[in-house]
Amino acid sequence: MEKPTKRIRNFASDNNSGICPEAWESLERANQGHSPAYGFDTYTEAAHAAVQDVFATNCQVFFTFTGSAANSTAVAHLCRTYEFVICHDSAHLALGECGGPEFFSGGSKVVSIPGPQGQLDRTGILTAYEARHGDFQFPAARAVSLTQATEMGTVYSLEKLKEVSDLCHELGIWVHMDGARLANALVHLECDPADTTWRAGVDVLSFGGTKNGLANGEAVIFFNHELADGFQYRWKQSGQVASKMRFLSAPWTGFLNSGAWLRNARHANRCASRLETGLKPLEDIKLAYPRHANSVFVQLPSEVEKGLRMKGWSFTTMPNGTVRFTCSWDTQDVDVENLISDFCELTKIGGNKPT
Amino acid sequence: MEKPTKRIRNFASDNNSGICPEAWESLERANQGHSPAYGFDTYTEAAHAAVQDVFATNCQVFFTFTGSAANSTAVAHLCRTYEFVICHDSAHLALGECGGPEFFSGGSKVVSIPGPQGQLDRTGILTAYEARHGDFQFPAARAVSLTQATEMGTVYSLEKLKEVSDLCHELGIWVHMDGARLANALVHLECDPADTTWRAGVDVLSFGGTKNGLANGEAVIFFNHELADGFQYRWKQSGQVASKMRFLSAPWTGFLNSGAWLRNARHANRCASRLETGLKPLEDIKLAYPRHANSVFVQLPSEVEKGLRMKGWSFTTMPNGTVRFTCSWDTQDVDVENLISDFCELTKIGGNKPT
Amino acid sequence: MEKPTKRIRNFASDNNSGICPEAWESLERANQGHSPAYGFDTYTEAAHAAVQDVFATNCQVFFTFTGSAANSTAVAHLCRTYEFVICHDSAHLALGECGGPEFFSGGSKVVSIPGPQGQLDRTGILTAYEARHGDFQFPAARAVSLTQATEMGTVYSLEKLKEVSDLCHELGIWVHMDGARLANALVHLECDPADTTWRAGVDVLSFGGTKNGLANGEAVIFFNHELADGFQYRWKQSGQVASKMRFLSAPWTGFLNSGAWLRNARHANRCASRLETGLKPLEDIKLAYPRHANSVFVQLPSEVEKGLRMKGWSFTTMPNGTVRFTCSWDTQDVDVENLISDFCELTKIGGNKPT
Amino acid sequence: MEKPTKRIRNFASDNNSGICPEAWESLERANQGHSPAYGFDTYTEAAHAAVQDVFATNCQVFFTFTGSAANSTAVAHLCRTYEFVICHDSAHLALGECGGPEFFSGGSKVVSIPGPQGQLDRTGILTAYEARHGDFQFPAARAVSLTQATEMGTVYSLEKLKEVSDLCHELGIWVHMDGARLANALVHLECDPADTTWRAGVDVLSFGGTKNGLANGEAVIFFNHELADGFQYRWKQSGQVASKMRFLSAPWTGFLNSGAWLRNARHANRCASRLETGLKPLEDIKLAYPRHANSVFVQLPSEVEKGLRMKGWSFTTMPNGTVRFTCSWDTQDVDVENLISDFCELTKIGGNKPT
């Protein structure tokens, strides 16, 4: 181990990162004296205001501890037990919550369908909607869940989002967005947060903070106020209401108001972009999808994959065999350069490359 | 407001308190570099070890964010939908989780029964068990949940715990303990943590940290290993698995290993004891239950209650009209003395008391 | 056993009775040739029309196999998991469905409250509604379930029904009626079916046929059409949609159109009335509640109870010790006379009574 | 409509048929006098014995009203909310219960996979089992459900059943059989009922009677007694316990003891076989799968499909475009001959055929 400082930050997931300074500072400031419990405190009030400022609307905000909880409680609130939600077959909703949406909803089906680059399109949704429409032997469609940025590192364009949500509303079904990496999508789109959410027809959003610099922080955000009816009860019943709420809510204030959330995302996207640029010339390495957000997906020879792991890198091998490298707010340039350098060394081109 | 510093810490609940220094320090130390997600990190390993040390046994530990989640997932794991759990009619399980146990279990009944000083006894349990035993028109008993310390500020003696759990095991039903304030019970009993839990027949424990100095930290602890089977899936499905687990687990390490958890509880109990002593002589004030832990319950004239609120104190009026004053790890002696002094001023004896 | 033909029909429950001739005839007629499945057949169409005629309104009708299913699916459709239904503490909903309402709703609480003669009143409902209103640590009230006739053999007056349902609608909660013995209530009230249901403010009815002469036949009836939205899916998901629907639906046609359902109920009530008259003079026997419908509840010495059982009678001892004798559509006058005669023989007055 | 008597029995489904004489006779005999409720009657006792005789073992028998209920409650009893059941992607469990298995289990996933001729095989099951095995972000496999006869009209051989169930038991997961058309499979296999169920490794069976001559009659049968633990409560909670149980149970006695159930199935299979033989020579008609049971699946030109419907025939067009013709216990030879004749008339060969 001659180079021990080399792979100290890994590329397995952005949830391997720590708490960013702006969130930490807010947390520290909130740890003063006594404060009312269950969210009736000034820190939480300020955090709600910060979220409403970000989305430039009077949305209803419910902080949760995990993305699984945000997604599952949102779906449960939209769908009754005999209704289904449509999502992409790579969606966390289908693959990463251990059946949380089915559990919290009491049995709603999660109907997952394919679509290019991790994205749903009108045809796919319409087909799933119509397949058994009106036949009570199969549940009825009630919602669509879009992941922005997607699980394949791409980002829905505003046009596509609008197209999809228009279809949903014509069909009378709701639009949920899993925004675990919404910030990464925003900096790619260079648009306002409102543009990619409620202005694009999103009714309910799971807004992610954890992967982007918070300790444990997500939020269910209702842009459609009617849909929020009763959600405070569901939220409590689901074990997601912090008694010492300030420690869950306060970090959002510094995180959002300081602009850290966008800076963090921009940094992570930039690192991924640099990685993409570095890998492109390598003969044996194939980029699997266009890179929009903070992850690079590649197809690579198994000996390269093995070699990287032996050099101490961690990353994620997906079910379909592609390999994902995810950058975080705290990934450093040196990490990316070291990774690229090891890639070069391990591939044919790299082998030929003078050092 | 001539005395603005007087009522800065309130007595409404121990969850109005902050994060204690030992927990904070562990949190800070955990916020270094990258760490694997979902609990496969060294901080979590250390926290598990700390819990196992405390209970002097190789128990299985699952950290959760809230006590509602700990109680609800534990009950759901013990009971099938057609089975019921017996608890005291003051129990958080029945009154404070917004139906979480019924929800997480998919419909199990929470059968709440009376009992002196917030405690279940053999007779009550046996009656509830036998009432419809063997009649499939009513669910079957499967578990008993004991709250230690109780919601009335009392503490089960080791003898009573043993008596109750022996009965349960004779009947073939499980013993769950809601230990949101277990530390306060322990310092009252002056016994080992093992004595009031697994040695007393407890199968599953909800172990509370939040009220005693953590930010958001509870744990479901299985002393009975067979019962833990599959719980990691339930835990994930329930939205309680932190992706950045270290920030949930690490604080436990400093909190437990330093002994802070017992010091905090001892301090809170001592404050409550001082308050009890201060209120006892007051003619119009009646102590509702013996004080064992960190809360004092009193019956008091409504004008005194009103007067205290006007002086800026916060406290909790229970459904039965008694009033609860709860001390925390960060309650200061001056808070208690100021409260006693205001009490004196507002009561007859106080009114007569020379200043 | 000198009189073996004496106790051939028992008084344990009206569900010990058989299928009445009018229902049987319809069943037999439906068993001809082929018919479309799942309710798209002419027999079911006719049965719907028969129900709508009875209630003189265009209600929505869903036939179910059991009263447990009718009650549980109705409650599940009215309440979300974090809402509760209020019922009398003698209600089948609370005591006789093995937790079905909690199960089908995915965790809704059944809040059962006392009330004179098996009936809820405004005060009781208001108290249950207000107890925790607006506090998200406890579920929110969403529905009230009234049992007509009650489990204590009494019948709500139209005035009382109206009073209660007016309160519910002021509070914004729904009115469900468990009408397992609605026919018995109707013949007591001598009113139109509409009067004691939708005209009295009932939103959803569980309409019972089984106890009154069908094989297995209940119906969930929505007078409030909006509430029925999606119920056909819930009904199917709940395993209550007969593939050969005609055999569930057809018997209703003869049963209702012939007037048998009211004749049957009138006969059962008359038998109970005769029994009441026969028992009234007996010194040791105390009528527990006024008799309105087809059951007589008495308090009686344990040696009389024992004596009756030894003579071969069956009846039901309630949890509170009262004893219920229930008459059916097929109870015969001789059964009642024989029972009275045995009562007389076993009681002091009876002992003295010249034969 | 010169031939009005021609298409009086249709081929849409075997659930379009009526009640067979042997079942009717038992029903009629059960409608005598009074009988204890909830299954504590002699008719039900006899029906249990009849089922146990059929399977030549002391199995536990629970009668249900529908196949949806039998399948859904069985799955719910085998799987906890975070476990999944594997079935064929044509299975009723996945497509025909409106999400009943997910609902009754409180969220268990139904993982449906492809397989030739409607049958699961070892490879498919193993792949589904291993895909995420040990990863708590996805539910764990707990059961496999096999449909015998399959939804494509084929029948698992005893060897294949054994192979599959051996694999399941090696993996530690349970084997459920959806036997809605078990009788049709049995007469094809010409084996004992025990051979294709418990002797072939089936733990729990949904045993169908409705499609084969009962009014509404299915049964959940536990060959594995441990798995039945508590099922009587689930059965009641699920709204499947008839109060007048004799009318659900009694028809089974005549149906089974008389041998009608096998005669009915043999007749239906024979009709299907005749239909198959009649269609084979037709040039434009292609048999989609080998015919083992009582259904014939064909691919046919849309004008032929249209023509048949115009002639008054009803049958079922499957999602994949194949067309199913199902024979029943009460299909008559003339129905089959008429259908074949119309087919001939509508196809080229038929068109050329001299009349």
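We call the chains A, B, C and D, going by the order they appear; numbering starts again at 1 in every chain.
Note that in this section a residue touches a chain if its C-beta (ideal position, glycine included) is under 8 Å from a C-beta of that chain, and two chains touch if they have at least 3 such contacts.
Keep in mind that this is a model prediction, so the values were computed, not measured.
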| item | value |
| --- | --- |
| For chain A and chain B, chains touching each | C, D |
| Gap in Å, rounded to a whole number, between the CA centres of chain C and chain A | 52 |
| Whole-Å gap separating chain C and chain D, where each centre is the average of the chain's CA atoms | 35 |
| Centroid distance [mean C-alpha coordinates] between chain C and chain B, Å | 43 |
| Per-residue multi-chain contacts in chain B, two or more chains | 81-82, 97-99, 103-104, 106-107, 136-137, 139, 233, 236-237, 241 |
| Graph class of chain-chain contacts, one of line, ring, star, complete, other | complete |
| Contact set on chain D toward chain A in their complex | 81-82, 84, 95-99, 102-109, 131, 136-139, 319 |
| Of chain B, residues touching chain D in the complex | 38, 80-83, 106-107, 136-137, 139-140, 230, 232-237, 241 |
| Complex contact set, residues of chain D against chain C | 8-10, 12-13, 15-19, 24, 31-37, 64-70, 72-73, 97-100, 103-104, 106, 210-211, 215-216, 233, 236-244, 247-248, 314, 328, 330 |
